[in-house]
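Before anything else, here's the structure in question.
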């Protein structure tokens, strides 16, 4: 790492200040208000005993997610998708990404015929909303699973969580790989990558995109190194937030 | 008032604890996170220099509002309106009510050709979301007007705010009129009324509905008395929150 | 009442000419073509034996309503909501108001597991379409209930109608409260109120809105007085139209 | 023609009773409430000075139509297309047919840059709604053209109407060709044909469909004979209704 | 026939080169890629054992169709209907026409409780897409029926096909009736007719439209003569393509 | 590479048979029908002189894409997105991916104020539709650019193509990394990756997803190696298809 100075004074491999307010929402079975710097995402988990009809009778559960941004979470107000009458491609894409990321750490057999729907609503956006959403959603998910165990919808010995999961963005700006891009960095990045990593350090998703010039194998490797380091920090924070309660099998 | 005890121990003419976090959102021109007990609404005001095309050239501004609930703001998760592809009647009705309430205290000539759009997003719902939204929206509106003055979109001597505005619900339960219904009270109410009152004590909206038995003139009068008292308290809180900054003409 | 002359020469407390053509539609279980002056609304009641699935097995019925305007009912043609692909907020709001107003006078237990859907289609609009719709809808409803009794879907001794219901608008123009506003009056009104009153004189809905200046308690009282008087006249007309056939319990 | 007796006692080549109430709607530039027996369609014509942007500057006008059915115009209530959020294929098809039929008798150059939109709303449906709509729409159109001439949007010497137009259905039931099918006949027809004919006896549209068995050339010829006769009667009625006012070039 | 020369040198009663590639799609139960000159339509038939719920238990099957154009099948790219969020009137109209045409040659009792859905997707459009679609759809349908027989969803002795069906357009250009219009002809036609004819020479649909001047009975007769001749050629091609495999009862 | 045998007998690092029919569509400015085995995608490029309004005046062009599948391109018929009234998340995601991939090899300044829209319609689907679409879209794009140069919308010396681009899928099945997955392989893959690579061997997109177990760094590296090899073969095919005509700067 060299000594390039970032807009907010961070080192190239430094995350923004991360906070996780567990249980922020009093009505959901699990919830977390997570901040990556000024980015704030409210994640709530809704636990339903039972699964959609097409899945019934297989002894397996389902985990899914919906992502959305408040219209004035951004610097310029956006129209509501409900007003436009259709959900945009980016929203769909991120909702699907969050769902896949969470499912990668859940043993659906151990979950049993239960459904968990995670809502990730961006209250304030300053870059990295999808990675904050995944990281916070895991905390909400873990609490909803404990709630389900308390209600005996999940057996006492079942271990539906097989790992934890966190996500972080990395990018190349002026040729320099850096971790956890804020919005002003994101718009300037030549390459932008979102990486979803489990607590054990395995990859769930790697999504790298050349926004400007295409990238070579060496750049790709540097970005992956940075991401794995940042994700490990986030995994530690998740574990600290959840304490002993998130029982990973 | 007799000595009926409410679920949360309040007196019949007592509001729930009210908090207003002004400026909660860092990106909007005005914002407030308001709580009426467990009900939490994030109100943001977006200021645009200019008006919709059909209004241009008349020297007048426009104020409008959009209301929405997060899917898990409620005890049972609701489907998103963006997913259903259409906005429900209740959402439309409340958005229109908030817009009318705010316009009643704005001098559109003094505002000039500027548009303010207020978003009221319910983060947690426990009854009274529309009255909390109106009360918080006024604070966001006042700050956005000051922002517009700072940017010189509004003249230094213009006084677009001609009054303040707040709202509160009242209802009759087991024959007993009471102020500021929480959700458990709301579902039991025979009559339910939302009243929007200015800081000077004038009515902007009176919307009373017999959910159970129709009501007589005496009951209507009792409800109006209660509402006027509650609204006066809210107006005081708004003024305290805004300090000298909301210049009412 | 003073001697202000209205555009059409009416006294301040005078309704427009009201006509109710009962049974206008030959295919519906109940119907009425109602006119408030030039405002004409076709109300049809569709009786279904059975209730929506979510209500089944509770021994109770359901009454609901849909309101719509023909595109050229108004002076300027409006786009059809079917063409725009979405129902506007005003349409939703009025449909809900009509439904609530009718349900307030129906004993759902006595109705049994039957559903009545009232369609109110405005053929010509000149102010007061929602109040004409409610007043006409009651006549269609009463006939549909008799039809259901004739078909033995409703027991011979059941008395589902517990009262009649009518509605009228009132407003303040140039400081003067007046009854049953025509369109030219409606657009000039400072305050506009729709009041739904039962045959026994109780309130079902009170919806007052300050379109211009907010109103005080004295003005509110004057408007309510006017409305109660107008509604009593409408109730008399409904009873005369229906004769002995609408058996109110 | 043999002596088959129809449900309502008509001869095989006999129309149902036809009535045309010209000017039924007080707000439209032209209107007619037309009945073909129990089928009732309200046709209103909206005249706009100017044409859609894509047609501007060509010195030509435009005529178009929209068809719709009230939800309880039929024996079984249908859902509103506005509620379903989309317009059905049948509605589109009939709207397009009405528009084409009217355009066939209008000289767009003589109309000048004016637009006429005809709304045909079925208030009661008992078969033949599209043919009643076309026949009534012509009357509304003729009056709207006179209105436009009165307003000097159309030149005093211009003759935009080059012919009149009417429509009628024919069909084969139990091997017997017959004119102007009522609903009970329509559902039993093996072949069903809608024919649009000008006052001068020329064809604008011929739409024949084998609902049951395919038809041969002889049957087709019989149906066309019947239709031409019925249309001539309708043209006579249109002329009598309009009197000297519909100036056909 | 006189000696008018058409743009592509065809005689007035001559079809464009027709090709039918049977089984083009490897995954459908029946398929054909049909060309009428440059017009290319891919027709696939999807066989489902069972019928929609509203038809179940009647021992009868159902055949339906959907038509669509690729956005760049035309000379000017069109927006996708999926992007616009609604299906246009023309698409609906043609889908319904194809479905009716196919059902006219299927014995639904012999089909049994099976459903066949035909998709006709226009890959390249140069006039006559609906007639090519019907003609190709019949081939796909016949193969899907054989597939169903092979799977024993249709009985070995059942003869669901009671005839074959083909379609062709005819039109009048500069007063001259001609067969199978290409796009450059279609836009110039005064009258345009689509005729659907069975292999036995009976009419299933006759849809004639005066695009310019209305037409008289003599012109109508000439067009029908031309169409019957063209359809016979197409029926022969269908039979040759299918060989012995399409067993018509 | 070990000696695992794939369903179709290919080696682990072997592509399916690839064919590119350039100019398949006669009406588009560029087109290609590409096959990756049984997967067939029709790619058409529509060239518009000018850019969307929000981009005008910047001297830069735009390239975008839309992806769709025919309803019966798959083994089980899917509902059309136009019928469902909304575009699914997967469709949006792939359309965006194709657009980004193409833009990565276009110099927007050299393109000038021109827009190219690529439609990729899947006629038959057997895995790898998005990678076939990108690979074929490049050919259509290159031809559309030449068309634009021929029409002088693009300057003779401008070199809008700065590289070529192709895409291929890779995945891990039973622990074995393999190239260009067919559908039967895709559904079994533990990890699935789509890689978009330029002719010069640089990465445009890397999208790896753990469908089953998360993957480690070694597996990621093996997949990238395979993908780079396959993409080089595809780049060669593109160059051979286009010959000297695609002038890359």
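Letters are used for the chains, namely A, B, C, D, E and F, taken in the order the chains are written, and counting of residues starts over at 1 for each.
The rule is short, and it goes like this: a residue touches a chain if its C-beta (ideal position, glycine included) is under 8 Å from a C-beta of that chain, and two chains touch if they have at least 3 such contacts.
Composition by chain, UniProt nomenclature: A, B, C, D, E, F = Ribonuclease PH.
The structure presented is a predicted model; accordingly, all values stated were derived computationally and were not measured.
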| item | value |
| --- | --- |
| Chain B and chain A - chains in contact with each | none |
| Topological distance between chain A and chain E, in contact steps | 2 |
| Inter-centroid spacing, chain E versus chain D (mean Cα positions, whole Å) | 28 |
| Interchain centroid distance [CA atoms averaged], chain E/chain F, Å | 34 |
| Separation of chain A from chain D, taking each centre as the mean of its C-alpha atoms, in whole Å | 60 |
| Contacts with two or more other chains, residues of chain B listed in rising order | 85-87 |
| Cyclic chain order when read starting with chain E and heading to chain F | E, F, A, B, C, D |
| In the complex, chain C residues that touch chain D | 25-28, 31, 38, 42, 44, 46, 66, 68, 70-75, 77, 80-83, 85-87, 91, 117, 119, 121, 123-125 |
| Of chain C, residues touching chain B in the complex | 86-90, 92-93, 95-96, 100, 104, 163, 193, 198, 200-210, 213-217, 220, 224 |
